[in-house]
Structures are given as C-alpha cells and as structure tokens.
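Both complexes shown next keep chain A, but they swap its partner, so chain B is in the first and chain C is in the second.
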Partner chain A sequence: MNIVVVFKMVPDLVEELSIDKGGKNLDRSWLRLIINEFDDHAIEQAILLKEQIGAHVTVVSYDIDGVDDVLFTAAAKEADRLIKLPGDFKGGVNNHTLARCIKKTIKELQPDLILTGVQGNDDLDGSLGPLLAENLGLPYVGYVSGVQFSENNAIVKKEFPGGLIANMSVNLPAVLGIQASESPPRYVAVSKVRQAMKTASIEEGEPVELEPSSGPNIVRMYQPEVAQRATMIEGDEEEIAIKLIEIFQELGVL
Partner chain B sequence: MTNDIFVVIEHLRGSVSDITYIMLAAAHDLVKETGGRVIGILLGNDAQGLISNLAADEVIYVDHPALSDFSSDGYQRTLSNLISEHQPRVAFFGNTTIGADIASVISARLGLQLINSCQKITSINGRVISVCQICGGKIMVEVELPDENTLITMIPGGYKSEEGQSDSPPKINTVSPPELDDLRTSLIQYIEPEEEDIDIANEPILISVGRGIQTEDNIELAEELAELMDGVLCASRPIVDQGWLPTSRMVGKSGKRVKAKLYLALGISGAPEHVEGITDCETIIAINTDPSAPIFDIAKYGAEVDLLDLVEELIDLVEEAKG
Partner chain C sequence: MAMSAVSQSRKITEQFYTSLFGVEDGERIKACLQCATCSGICPFGYIMDYPPGKIISTIRADIFDDVLNTDSIWFCVSCYACTEVCPAKIPLTTGLMTRTKEEMLLAGNIPSELQDALMNSQRYGNPLGESPRKRAEWADGLSPEITIMGKENRPVDVLWFVGDYPSYHSRAQLSTKSFFKILHILNIDFGILGREENSDGDSQRLAGERGLFEILAEKNGQAFSKYEFNKIITTDPHAYNAIKNEYPNLGIEYPVQHYTEFLVEKLEILKPFLVNEIQSRVAYHDPCYLGRANGIYDAPRQLLESIPGLELIEMSHNRTTSLCCGGGGGGMWLDGFQWEKAHVRMSEWRVREAVSAGADILAVSCPYEAPRFEDAAKMVQGASRLVVKDISELLIEAIEN
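Moving on, here comes the complex of A and B:
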C-alpha cells in the first residue's frame, strides 16, 4: 500500500491576522503559518495505516515558511519519504492552482491512496482533496474519520450531521479528505524531530510556475465589524464568577 | 449561459437539510440582481415528496436507485451533465458533508470558477458580490461574481431557512439520469449514532468545552460544574477528536444543533462549524483568553479570563448559592 499525504500551511488563527495595504489579501509579512489541522490528521491516519498494514508513506507539500519543520516532524513520526515542490509560493496559492501544480509529482509516486485534510481555514476556491482527485481522475470521499481495506476498495467512515456515519466503499486508487484520524495526531518530542533533521532528507518535486491571478476576483478583504458584540464582564475571576452567578439567576437556570 | 440559478437540494434519509432553504434564499437574492429563475436540483430515488415547501420556480428531478443515498461519484456525474447542458449563471452547493464533496470536483471537471464559503449575496455599485468567510470566521472576503457560469458553496449565517420556504410547491420536471451503473463510490450502510440517555439537543443547560480546556483531566472540573448546575457537559470538535468526550456530546456541523437556555462556552473559539450548532441557543456566555475569538461576536456575555480559575470559582459559588 503506497500512501501519499498532501498538506498545506495555513494561517495560525491563534495569532492576530491583518489585511495588507491593498485590502485584498492577508498581510503576509508577519503571518505565522502552521500545518492545516485536518492535514495533521491526514498524516496521522497514514502513519496509523503504516503501523497496521505496513503502508509506505510519502508526505508532500510546497516551499513556504515553516514547511521543513512539518516535513521533518512527519519523518519523526516514521513517514518514509518527504517531498517539497519548489516554486514561489510566498504570496499564497489557491487550491485550483495547487492541485494542478502538485498533480505530476503525485502521479509519479503511483499511490494507492492519497490523503489530505477535508478543508483548510483559508479555502476560498473549494477544497484541495476533491480538486486533486479530479485532476488525477480518481474518486473522492471527504469528511472521513476511519479507513480500512477490502480487496481493491477502501471502506471508509464518512461523517454526516448529527453523529451519523456512513460506511462507504471507494475504488482504489482514491483521494480521501480526512476530517479526523482514528486516534488524535501523536506528539513527537523535539529531540526526535531534531534527529529526523539529521537523518531524513527532503526531496524536491517538479518545479512549478504559478499562473498569475487566477481564481476568485477578490474585491475586498476585511475583519468583520460586529453589530452586537458580547457584553464583556470585567474583573478578576472572582468578580466575573459573582457576575455570572447573577446572570444565571436572572435566566432562571440557578 | 442562461440567467437561471441552480440550487442543489441536499437531503439525508428522507429530510431536506436546512442549508437547502438557505441556498434558496440566497438564490432569490441573486435573481433580484441577475434575473432568471430559481431552479432546485433534486437527485434521489422516489424522492418527489421532498419538494413541497421549496421556494423554487421549478425543480429538476433525477430519479435513480443509485441516487437514493449520497454517492459523491453519482452526484458529480449527474450534476456535471445537468450543469453543462443548462449552463446556469450560478449553481449553489452547501459547504457541507455533501456539497463540499462534489462542488470542487465539478469545478475542475467543467473548468468553472468556484467561490467557497459564501454567507450572503449582495450588490455593490452594480457588481454582484458573494460575501465569504475564511480563517475560522476571523476574515470576510468580498468576491465579485464573474460574468460566467459559476459554482458557489454556501455556509449558514446570512439567511434564515424560512426565507427559502414557500407554501406553493414548485413544478417538477423529471429528467433521465446518466449512466450510473459503474460508480466508484457507494454507500454500504449507515452506522447509527450511539444512543445515550442524554440528547444534548434537548438540554436547557449546556456547559461546553473547547480546546482551551487543554487537558483531559480538566474535563472533570467542567463536568463537576455541569452536574452542580443540573446541566450537561458537551464540547466542540477537537475535544471529541481527542476522545475526551463521546461523539454524542459534539456540538456543531457534524455534531448536534442545540437550543439551550444557557450555553456556557468554555475555551471555545467559535469557528463557523461550531457556531452553526448553537445559533438557536437563548443565552450564550463565552469564556476565552483570546479577545478576538469569534465566539464573542455571537455571545451575549463574555469574559476574558483563564477558564480553569473561573470554573473553580463558579463551582464554589454555585455550591454556596444552592446552599
């Protein structure tokens, strides 16, 4: 079983975000990027499958700040191969373009299964998984939280609202959009990542030229101004707790 | 290209999903700008009964046993054919476990633009704009609709579902399906959610924990508060993914929609997927150390404080208040 995981680096939402002078893009000069959290689950799912059935795992991304650390972290989790697409991705890349760019590199790896996160927090033109699937001519199932195999098919758990799960059969090779790995992404010690930096190597994928300004025509990007924000309760935890008790009593829940 | 607007009707096990009505409401907003008709697209098997309250001018219905349950392959194939044949100005999909599996594929297959996570359709100086939400609700983006066949995925928040309902049923136009015998994805079976004695959808007092709770041990503290207040503990997605609470306690897009009298959100940032599940709550109180957390935009009361310190204080005070 040959598994390829594709991941994206996305804005860290814990940090404050700001808009650049042009008003149509995030200000990327101070933007901290982290692995898209669903992609982290996709890596974990691939590693779980490696442990269960001996799959070979290749992790693929593109050249952008912070990506080497994530790739070496994947190696520390026992991913077998690391690939980074060279190119000028600094200004960000939309999913349609990324799917087209990354297609050739993935095809050459001849995967049985391609995993990626079901969505990214900066998706403005659809999600990467289904775009990759269509570019590769493969079937796609998203919102997946469990993967097994039966002959030439993957049997996947697809989530629907209300806690309902559907067991779906998907012909292999296939692309899956991972919502959650079967167990949470594992923690790896920094020392292990450092060791991976010495022993593992990052290969370069096919160089790519990004097409300029394809994708949605952004007129304006802004931080939402909220009409009615929460009434903030000030004070230390004790004062806040006292006020909350009053509110609970007013609501009749205490 | 025609000026008609397609809305892909989402339904699951015999009921129409809320997002369908929201999309219909958006489509009616859009035809005010562009003209044209609102056309619902229903794929199913023996599913005509689902259309009675849809606010659409017409429903195109494709009936086939392979479409009785959602199959991404079956939907993609059927919808790609319909869209390339009819060339609607816009086709709406839910940004949901159904729509998000198919919209991007159709966009790549037919070479059409896709605008993701649209919350509202509006018009600014004669330009038709889709107002989209990214970065967990922290950033809004206005995207101009191109003057060509475009796909849009829709999220809740901009329209009420009643706006997409009507008393007069639309006329139905049954069309024949494409070849659907060799689908690459198919349903084997549904696995019912674990039945619990507690259904959080019906609980009046919910204490809800998110990533800010930090460790599994801290869950106990929140549980203690919930018990003291005769409430029930529930959570946002990351907590359930960690295995700290069962799926039956998950609130949001792939969990339950709740309508509590009091929803106390502890360390929940308020990502759109979570907010979707709590908009019907009467009073939301949010505790978070991040002042820019979007949860404060929908909460009635908020406090920027360490939640563990606060919960300990609350436990003491609730005990006192109850004597």
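Moving on, here comes the complex of A and C:
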C-alpha cells in the first residue's frame, strides 16, 4: 500500500491578517505560515494506516517558509519519504496550478491512496483534493473521517451535514479529502524531530512554474466590513409585531 | 541491587537510565529505602497508580513499562514536596519524575491539552498560543514608555524577563503592571526584550519536553547576548528557576533575581513610599519554585510585613511544606485531565487553607497563582470574600492614593 499525502502551508491566524497595498492579496511580509490543520489530519491518517497495515507513506509539499520543519516532523512520525517541489511560492499558490504541477510527481510515486486536507483557509479557487483527482483521473471522496481497506477498495467514513455519516466504498487508487483523522494528530518530541533532521532527507520533486492567470481573478481583497448593529425588539408578541410592521414600512418593504 | 544498566524492556529508551543517573545526585536513587515518605507527602500520591517510591520499585523489578502504560505520571506537578522530604536525598523531581515524563512523551502518551501547550510553545514561543508579535502589548500606553532593548539599543542596569503569563494573561498582567510602576518609583534603569523574549521553557522541561526547553533557552540566550545589562530580574519563579539553575548548563550564565529578592534589597528606599495602611490579615503562599526549589521564603514575607497595617499570618502548610497551586510541571496545562481523573483541584485545597487560617487576602508571588486561586475561590464555600493579590499589587496599593 502506497500512500501519498499532499499538504499546504497556509496563513496562521494567530497574527492578524492585512491586505497589501495592491488590494488584491494578503500582505505577505508579516505573514506566518502554518500547516493547514486538515492536512495535519491527513498526515496523521496516513501514519495510522501505516501502523495498521504497514503502508509506505510519502509526504509532499512545496518550497515555502517552514515547510522543512513540517516535513521533518512527519518523518519523526515515521513517514517514509519527504518530497518538496521547488519553485517560487512567495506570492501564494492557487490550487488549480498546484494540482496541475504536482500531478507528475504524484504519478511517479504510483500511489494507491492520495490524502489531503478537505479544505484550507486560503482555498480561493476550490479545495485541492477534487482538483488533484480531476488531474489524475481518479475518484474523489471528501469530508472523510476514517479509512479502512478491503481488497482493492477503501471503505471511507464520510461526514454529511446534519450529523449523517456514510460508509462508502471507493475504488483504488483514489483521492481523499480528510476532515479528521481517526485520532487527533500526535505530538512528537522535539528531540525526535531533531533526530529526523539528521537522518531523513528531503527530496526535490518536479520544479513548479506557477501560472498566476490560471487561478481566480481577484478584483478586490478586503477585511470584512462591519455590519450595522442589530436592534433587539422587546415587548410581548403584539407589541413586537406592531414595531416590526413600523420598521418594515420605514424601510419601504411593506 | 537489581537495577540493570540497560533495560530489556521494549518501550524504555536507551538513554533512560543514563539520564536518570546523570542528573545531579542522580545515583542516589540506588539508595532508595522504599520508605514511601515521597508517596505520602505527594499531594496527588493517593491518586497515582505509581507514586515516586513505587516507580523506583518498578525500575528495580524491571517492570517500568507498567508505569508507561498508565497516565499516572501526569498527576505530578513537579512541586518538590517529595524531594524535600526524601531521607536519602534523591533528586526525585528533577530526576525520576521528569525523566519518566520524558519517556512518556517519547512514547507519545500525553494528554491532548498538554500537547496543545507544547505545540504552542514550539510555534509561538509561549504556551498560551498567543501572537509572539504581541508579547509586549501589555505595556502599550504605559507612562513612561517602557524600554524595549531591540528598539533603544542602549545598556541598562536591569533586564526584566517578563515571562509568558505576566505578558499575556489578563489577570497576571495586573501584577506585571504593578511591578512596572514599582520599578519606576524606585527609579530603576531597566528594559525588556519584547518580541525577542521567548518562554523560559521550565514548565515544558518539567513536563518532559527537554528538547523544546533547550530550543527556547537557546533563543533567550541569543537575545540576552545581544544586549548590555548587569542582571536579570523576573516576577516568574519558573523563569527564575530556569535562568538560575538550568540555563548555565547550556552555557547561558547571567545573575538573576526574583522580584521579591530584588525589592527586599531596596526595602529602605521603598519603605517611605508605603504610606497607605492595608488593614488585612494576609496569608502568603510559597510558590514551589521560589520556596522549595530555591529556598526563598523570607524576602516575600519581609515585603509584606513592611506594608503598614498588614497582619501576616501563616497557613497550616507554609514554607517547606507549602502546598502547590497545581500549576507546576505542566499542571498549568493539565487542569482538564486532572479534574476528569481526580475530581479535585489543588488550588481549592489551598484556598480552603487560607480561609480556615482566617485570611482576608491570599498573597502570591508567582504569575500562575492569581488566576488559579481566584478561580478556586469561586468554587470553595466560604471563600467568596477571599481576595487574591500579588505582592506587587499590594505594594502598589500601599503606595498609590
């Protein structure tokens, strides 16, 4: 069983985000990056599968601040291979381009299963999973919170709104968008990560040429505008109804 | 003496015994009499499957794996109560208990709330998960403006290591600001590191994350080395303990004082400012890392006694027998875990003692304590009128109109 996990580094919301002078992108000079939380769960799910059935786990990302630490942390969790795609990602990535560029590297790994987080906080053009599946011509199931294997299929636990959960069979190879791993991402001691830095190595994947035009065309990026305060109407039902009618008439909707 | 040098057991790392014996006086563990005084004095000993003495017996029987298979060790709040009473003078807190936590951490057996604090410390340099850029935000708008070393780049007499909770926790900040005022009243030439300051890392170390402690210490060491100052002061006994006793092992050597020591030296200058009477019965809580770990019992009491009108009383556990607030050794980040398993809070025990001693005010000198005891006072019957104040806050009350 060959598992590939693709992760992204996304803006860390511990710092307040600001928009750059151009008004179309985040101000990236102060931006702190963090592994996308759902991708962290995807790595954990792959490690859990490795522990259960002895899968071979490859973790893939692209060259950006902080990515080495995350890759070595994955190695400390017993991931087998670490791959980083070279390129200039400082301005951020769009998922359409990323999915297209990462396709070749993933294909060469001949995975049975590709895991990625179901979404990321900087997904402006849809989430990465379905785009990867489309590029690779593979089936996709998102909002997955559990994976088991049976012969050539995976049985995945998929979450629906309203608390519904379905067990779905999906043919392999397949792409899964992980909502939550079966147990929370584990903590690895710093000493183990430092050890991994000495023993593990990060391989270079296919160089990536970002095509800004293939992403979303951003007209304006801005902070949420403060909405007007809500007015609480007090009184009994009759009084509230009368006041509501007054307000509607004032606004010209009645 | 059946204590094999290298265990046959699968789970224990090869370094375990080396590091267990490697701490100062570590070999004394071989002299354990199995008298169980440690287990008896341990505030959570009654709830642990493996209190300190019993852990030693598992090591001797080569069944230490049994300890690693329980979560017993996460009740240890590194309060030094066991170390204080051990007749064989075994360094139980720094040696046995901390090493056992390190093994648990390496085996990945840690409660998730502790995991969050460690991850936050790694990412942001503070266990609270706050923005490192906002470390000095507590000082915004203070008058006169505080000296941040990286900005003013001038030598100062005293470098104030502010610490995590004093910087970020809204309750602890009240004490931080009081101490700031006292420094100005005494005309002290001081500065802070601001964003360049990281967590002292001591509680992370005592929670078993030594590697993380070393990274944090190195970052602080680098920041210290950039500036000129004569000594470091801090209001946080955990930071004090780290800088005094642990940083020198990493080659980071600076003279350091807890603020109570620092102020006692200046008591004659301070006294004329203490004009307002505080007509209250005040019980002082000895923090583990000022008291038992570092033997400072008198300085805080001297400061309190210099406040006019104030009557200093003692709780039944005081000085070397002081009862931990429950926040040490990672306990600050294990409240949920400990409550779930034990259904008691150490901080409530302490507040009960303060009430039965007849205290109006519970005085503290560690940033962990005000929030912990204030929360506890809300839960303890008869404690609703107990006021929790840091010594620096009481001093300011005595000074300001």
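By definition in this document, the second predicted complex is superposed on the first by the 226 of 254 C-alpha atoms of A that agree within 3 Å, B and C clash if a C-alpha of one lies under 4 Å from a C-alpha of the other, contacts with A are read in each partner's own complex, and residues count from 1 in each chain.
The rule is simple: a contact is a pair of C-beta atoms (placed from the backbone, for glycine too) under 8 Å apart; a residue touches a chain by one contact, two chains touch by 3 or more.
For clarity, every value in this text was computed on a predicted model and none was experimentally measured.
S.K.: Quick one: name whichever of chain B and chain C touches more residues of chain A.
M.R.: Between chain B and chain C, B touches the greater number of residues in chain A.
S.K.: For A:Val253, is the partner it touches chain B (first), chain C (second), both, or none of the two (neither)?
M.R.: first
S.K.: Contact-wise, after the overlay, does A:Lys192 reach chain B, chain C, both or neither (first, second, both, neither)?
M.R.: second
S.K.: One more residue to check, A:Tyr140. First (chain B), second (chain C), both or neither?
M.R.: first
S.K.: Once the structures are superposed on A, label A:Ile34 by its partner contacts, choosing first (chain B), second (chain C), both or neither.
M.R.: The second partner, chain C, only.
S.K.: By the touch definition at the top of the document, which applies to A:Pro184: first (chain B), second (chain C), both, or neither?
M.R.: A:Pro184: touches chain B and chain C.
S.K.: Would you check which partner chain A:Val14 touches, where first means chain B only, second means chain C only, and both and neither mean what they say?
M.R.: both
S.K.: Could you list which residues of chain A make contact with chain B in one structure and with chain C in the other?
M.R.: On chain A, the residues that contact chain B in one structure and chain C in the other are 14, 16, 184.
S.K.: Quick check: in the complex, which residue numbers of chain B touch chain A?
M.R.: That would be residues 12-13, 17, 69-73, 96-97, 100-105, 107-109, 113-117, 124, 127, 129, 132, 134-144, 146, 153, 184-194, 204-205, 229, 231, 237, 241-243, 247-248, 250, 253-257, 261-262, 269, 282-286, 290, 292, 294, 296-306, 309-310, 312-314, 316-318, 321-322 of chain B.
S.K.: Residues of chain C touching chain A in their complex?
M.R.: Listed in rising order, the residues of chain C that touch chain A are 102, 105-106, 108, 110, 112, 115, 118-119, 122-124, 129-131, 133, 208-212, 214-215.
S.K.: Across the complex, what residues on chain A touch chain B?
M.R.: 11, 13-14, 16-17, 19, 26, 41, 95-96, 99, 118-119, 121-127, 129-131, 133-135, 139-143, 155, 157-171, 174, 177, 179-180, 183-184, 215-224, 226, 229-234, 236-238, 240-242, 244-245, 247-249, 251-254
S.K.: Can you list the residues on chain A that touch chain C in the complex?
M.R.: The contact residues of chain A facing chain C are 12, 14-16, 30, 34, 184, 186-194.
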